[in-house]
Amino acid sequence: MNYIGTIGEKEVRVSVRETGVARYAVTIDGQEHLVDAHQVQSSVWSVLYGETSFEVDVQGKDEEFEVLISGDCYKFTLMNEQRRAMIRAGGKGAAGKAMVTSPMPGKVVKLLVKEGQEVKADQGVIVVEAMKMENELKSAVAGKVKEIFVKEGEVVESGAKLLLVE
Amino acid sequence: MFRKILIANRGEIAVRVLRACREMGIRTVAVYSEVDRNALHVRYADEAYLIGPPSASESYLVIDKIIDIAKRSGAEAIHPGYGFLAENPRFADRCETEKIRLIGPSAHAMRTMGSKTIARKTVQAAGVPVVPGTVEPIATEEDVFRVAKEIGFPVMLKATAGGGGKGMRLVREEGELRSSLRMAKSEAKSAFSDDSVYIEKYIEKPRHVEIQLLGDRHGNYVHLCERECSIQRRHQKVIEESPSVIVTPEMRAAMGKVAIEAARSVRYEGAGTCEFLVDAKRNYYFLEMNTRLQVEHPVTEMVTGIDIVKEQIRVAAGEKLSIRQEDVRQIGHAIECRVYAEDPDRNFIPCPGLVTSLRTPGGPGVRDDSGVFEGFEIPIYYDPIISKLVAWGKDRTEAIARMKRALTEYVVTGVKTTIPFHIRVMNNRHFIEGNFDTNFIDKVFFKEEEERQLENEDVALITAAIQVFLEERKRAMAQKPAESAGPVSMWKYSTRPGIRKLG
Amino acid sequence: MFRKILIANRGEIAVRVLRACREMGIRTVAVYSEVDRNALHVRYADEAYLIGPPSASESYLVIDKIIDIAKRSGAEAIHPGYGFLAENPRFADRCETEKIRLIGPSAHAMRTMGSKTIARKTVQAAGVPVVPGTVEPIATEEDVFRVAKEIGFPVMLKATAGGGGKGMRLVREEGELRSSLRMAKSEAKSAFSDDSVYIEKYIEKPRHVEIQLLGDRHGNYVHLCERECSIQRRHQKVIEESPSVIVTPEMRAAMGKVAIEAARSVRYEGAGTCEFLVDAKRNYYFLEMNTRLQVEHPVTEMVTGIDIVKEQIRVAAGEKLSIRQEDVRQIGHAIECRVYAEDPDRNFIPCPGLVTSLRTPGGPGVRDDSGVFEGFEIPIYYDPIISKLVAWGKDRTEAIARMKRALTEYVVTGVKTTIPFHIRVMNNRHFIEGNFDTNFIDKVFFKEEEERQLENEDVALITAAIQVFLEERKRAMAQKPAESAGPVSMWKYSTRPGIRKLG
Amino acid sequence: MNYIGTIGEKEVRVSVRETGVARYAVTIDGQEHLVDAHQVQSSVWSVLYGETSFEVDVQGKDEEFEVLISGDCYKFTLMNEQRRAMIRAGGKGAAGKAMVTSPMPGKVVKLLVKEGQEVKADQGVIVVEAMKMENELKSAVAGKVKEIFVKEGEVVESGAKLLLVE
């Protein structure tokens, strides 16, 4: 299988081949790495790279990964090559920049703006409370509040759309 | 001694108190909200009573309900833990009226020390240096602006009834004042049902050092030396240790004496803590007194061998303190890391959710005070604390090495945690050298982290790629037979080596 | 100091040594058999090398393989843990030849003390009282019968190379002698590749008290006080504590001195233990010296604050002991319970298998040294130890209460464990009073247990019935739609209230 | 559902009825018990009986149960009433008394008897090693060794038939 990894600005080509029980040859930009990898607990892997031992916690949602090794967090995306080709062709993935979403489950305490109101980039637009801490969320872009999807007092999930600025 | 105690709390601190009671042979009563039915404190208690919906204001904070359960269960005493009702003098009054012993100081002591402004006045009168600022809550927005300009920026806005970093805002310049005031008041209102705030001069590069105290009804007091809690984020302690690297024996004795005087002034009973700010010249300023068990009490227990919760219970039952000042020895060094369900890489945003797997560290010198288990769903309604990990070593170097070792053993999946953050702090040169103040995390640490090169990017990428590869194959295996359910497609799969084994 | 150490062991003790190395900043090399690929020691190490099939005689016991990995990995020293190669003088010889430092005593010390008969002779010559018996291995079956009758029954048969209760048999009368001899020899053969045995007089109602020692290359010795290990089953220790309730300060000093003399006689280096039997009149008899780290070393670490494994590593690297005798303080009381995958209600039969869920105890004064995790399959090939749970208290009463509390928190499902057994011991009146000897478990405890009334039969029955009820319904739900897949039967189910929710 | 519980010599009738989410009415010999029971971890239950809180570990294989509460082990069988009626009618369950089975996974070290040999009750007949401890297994009955199912050196599972004495 072939994948495209995106780490910051950098893109790498990754392919995986199974070479035995729990053994894999993983090629990154042409360089082959042989590993012995066992999924030992939920998302935790024991990886022997040569004889060097790593515990690796792979947290991934869709194609976005956050991988923990010894307290260091590696963030990147990893996408099946065909899938990416399809998405590119379809033109998806452009929107969302101006969408304010809730980074955690919580309760909407206060809306700081109204629909139609002009906002600056980095201006606070909504306050969400989780675990007794209030978090003021900001608009990433300057523009006009196009739509507000929630009401004050509403309980929202992590990732819920809160409001759209255009 | 009490035969039965109600624990009016949840999470790790409820478990902590339950453990002490169980070791003392005292029966325990837990209370729980609807989301906490499966929580550890319900399972570790001898009895458990439902007290309402998830929201704390409808359950853990409702005095009537707690008192009602205490009566129904026949509990003779209530341990409030920290947070919730722990420093609520109205609750203390009510317990007295109902002839139920509250394990904590008197309502008078709570009122005096609980109002930061009155506490400042009291202590200042006794000659203890305090940080410049107002001694009264400030009534109007105009006053806030006026006083802030008088003292000069930066200033701190603090909730009069505050604690735990809630209702607290640092304001560096006038332009930030209005919005910070609104946030501080709103937080204070929702956390303490009291939105009054006061202002203090903000001391640059301060270190936070506090003295743990115990007092009994018979006028005996001991201090259990200091803890340093300068490693904070959003003004909330995240790493604590004892001893403090900046405290000399003379300073320890002096601060201990002052702290005991402060306690004596309100005839303090039980466990309490006097917090001080220490500036670069080792001047210390009384900050406030916490009239409750502190989150970070385990570091003191590790270096002194004294079980603070058991002492609390004993003195609440009228016994004398079992220790004299000369018996208190600070042996070795202890560090506590608070493990929260938060994302340290996204400004410590809370990450409640299901704990899908858990491996707690063990071995020599390690203590884990946890309130979760594998399969527990950390609720959105309360503090996102998972556990407090404490490491003891014969000196600070060993304690840090041990903490780092324990943190790397600690596995919590399903929610983001502050474990990686703590590992990075333990590796930080300034932390190891003891060279930090309360701004360290926000001002120094994260900047240094940004510049640090990560070493194992390849391994991270390789492992994630293998996981994706296996997941895709699993999906393919699950779909293919259904989509084109003929024997041909099955056969096609079975001939590819290694495929069947792992599907 | 070493830069890299190979740990020639597995399970909890490999993890224990890995933790010490990690805290000292020393790189670690693990070795593992085919069934141990996912074991904790492989995951906690910096490097890991496969050394062969599951059977220890083809992996962990193969000197050539261990030496080969040490060379390939560049390890400068080997820690053998306990068991396997820990007391094998041929391994010590080989390490010396290969210029790899073995973390342990010299081959000479191992040989002298490792042969129980030579050790007895050596110590007896120095005037230390030993238990009556042979000082040579016994060659023929006839000799065994003759000597046994001379000393008089009961006698103990013991493997010359023995340890850990293996190759050991109590013989109460002549009729049992032949079969016991066969079993002892056979066990000794398979465990130590040496089937020679010797005979000792069996002391009635003895207590087992041992002295922990440390020695360095520079002729310095300290003892770290005593441990009592009288709670045994099948002559194998299961609960250990420090201090011992029968040891007085004078006795402690005297036994410590004798033990150091024994160590000095072989220029002992590293950590070792002199075991004594103590009779009802507090006479003590040298039993043997264990030339390795003991399973039960954590109880000593808990009361002295000394990390024995780190001291081992330091003295192996040529450093002087970091402690003098006058620095050693025995503070409070510690108890260790060995948690095995065994069924205590069926004569402690081993119960290997998959650990389906795990919750380790925490809180104050609790240490868990574990080698397993949730999802680990405990192999049939090795010792069935799951973990060592240690509780510290300010006195024995608190240590027992704390241990009981910790044990009731400990959840291990999927395999039977000795946790329930330990809880019952902690509740036993004789144990609490300190009134026991090495026969306590077999002779007293189980009889008393048989007579004890259990209190919660109803709750047990109720919960099992609910589990069966839910399982049956789940099965019914899974089968019914398939068997009679019409909409009618589906509809019939869906109208029954509450059914769909839980399917 | 109705069950028959057998505790030692005693038989009890048990029935279970669901009365709400995680709430049950369990009747034992006519006496009704109301409980709130949640399966919290694998085989571990949190049971509130009235307001009294129990952690209950239910280990069950077929109809045989070993239930742990605070370190005490309760052993009993629990069988669906209909199923028991069927089994009784079919006359199954008589054999097995003379069968020697392995109580744990392990390796057969030594056979102490041969086929056809007479043995006494409680006589050791086979030695099985597990985790380096040798365990001599005994015949529960006196009789003749009818059949031996294993060889020396063989690795056996827990519950494996080793030999039959009749």
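We just call them A, B, C and D in the order they show up, numbering each chain from 1.
Quick note on the criterion: contacts are C-beta pairs under 8 Å (C-beta built on N, C-alpha and C of every residue); 3 or more make two chains touch, one makes a residue touch a chain.
Fair warning: this is a prediction, and the values are worked out from it, not measured in the lab.
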item: Chain B and chain D, separation of their C-alpha mean positions in angstrom; value: 47
item: Chain C and chain D, separation of their C-alpha mean positions in angstrom; value: 29
item: Shared interface positions of chain C, touching two or more other chains; value: 44, 357, 359, 373-374, 408
item: For chain D, residues contacting two or more additional chains; value: 41, 55
item: Pairwise touch network: line, ring, star, complete, or other; value: other
item: Chain-to-chain touches, reported pairwise for every pair that qualifies; value: A-B, A-C, B-C, B-D, C-D
item: Sites on chain C touched by chain B in the complex; value: 15-16, 19-20, 22-25, 44, 298, 301, 305, 307, 331-332, 357-360, 362-370, 373-374, 387, 394, 398, 401-402, 405, 408-409
item: Chain C partner contacts - residues on chain D that touch it in the complex; value: 1, 3, 5, 7, 12, 14-16, 18, 20-21, 24, 26, 28, 33, 35, 37, 39, 41-45, 47, 49, 54-60, 65, 67-76, 78, 80, 103-107, 109-110, 124, 127, 129-136, 155, 158
item: Residue ranges of chain B in contact with chain A within the complex; value: 166, 179, 183, 186-187, 190-191, 234, 343, 345-346, 349-353, 356-357, 359, 380-384, 407-408, 411, 413-414, 416, 419-424, 427, 454-470, 472, 498, 501-502
item: Touching residues (chain side chain C, partner chain A) in the complex; value: 30, 37-38, 42-49, 73, 373-375
item: Residues of chain A defined as touching chain C within the complex; value: 22, 36, 38, 40-41, 46, 48, 51-53, 55
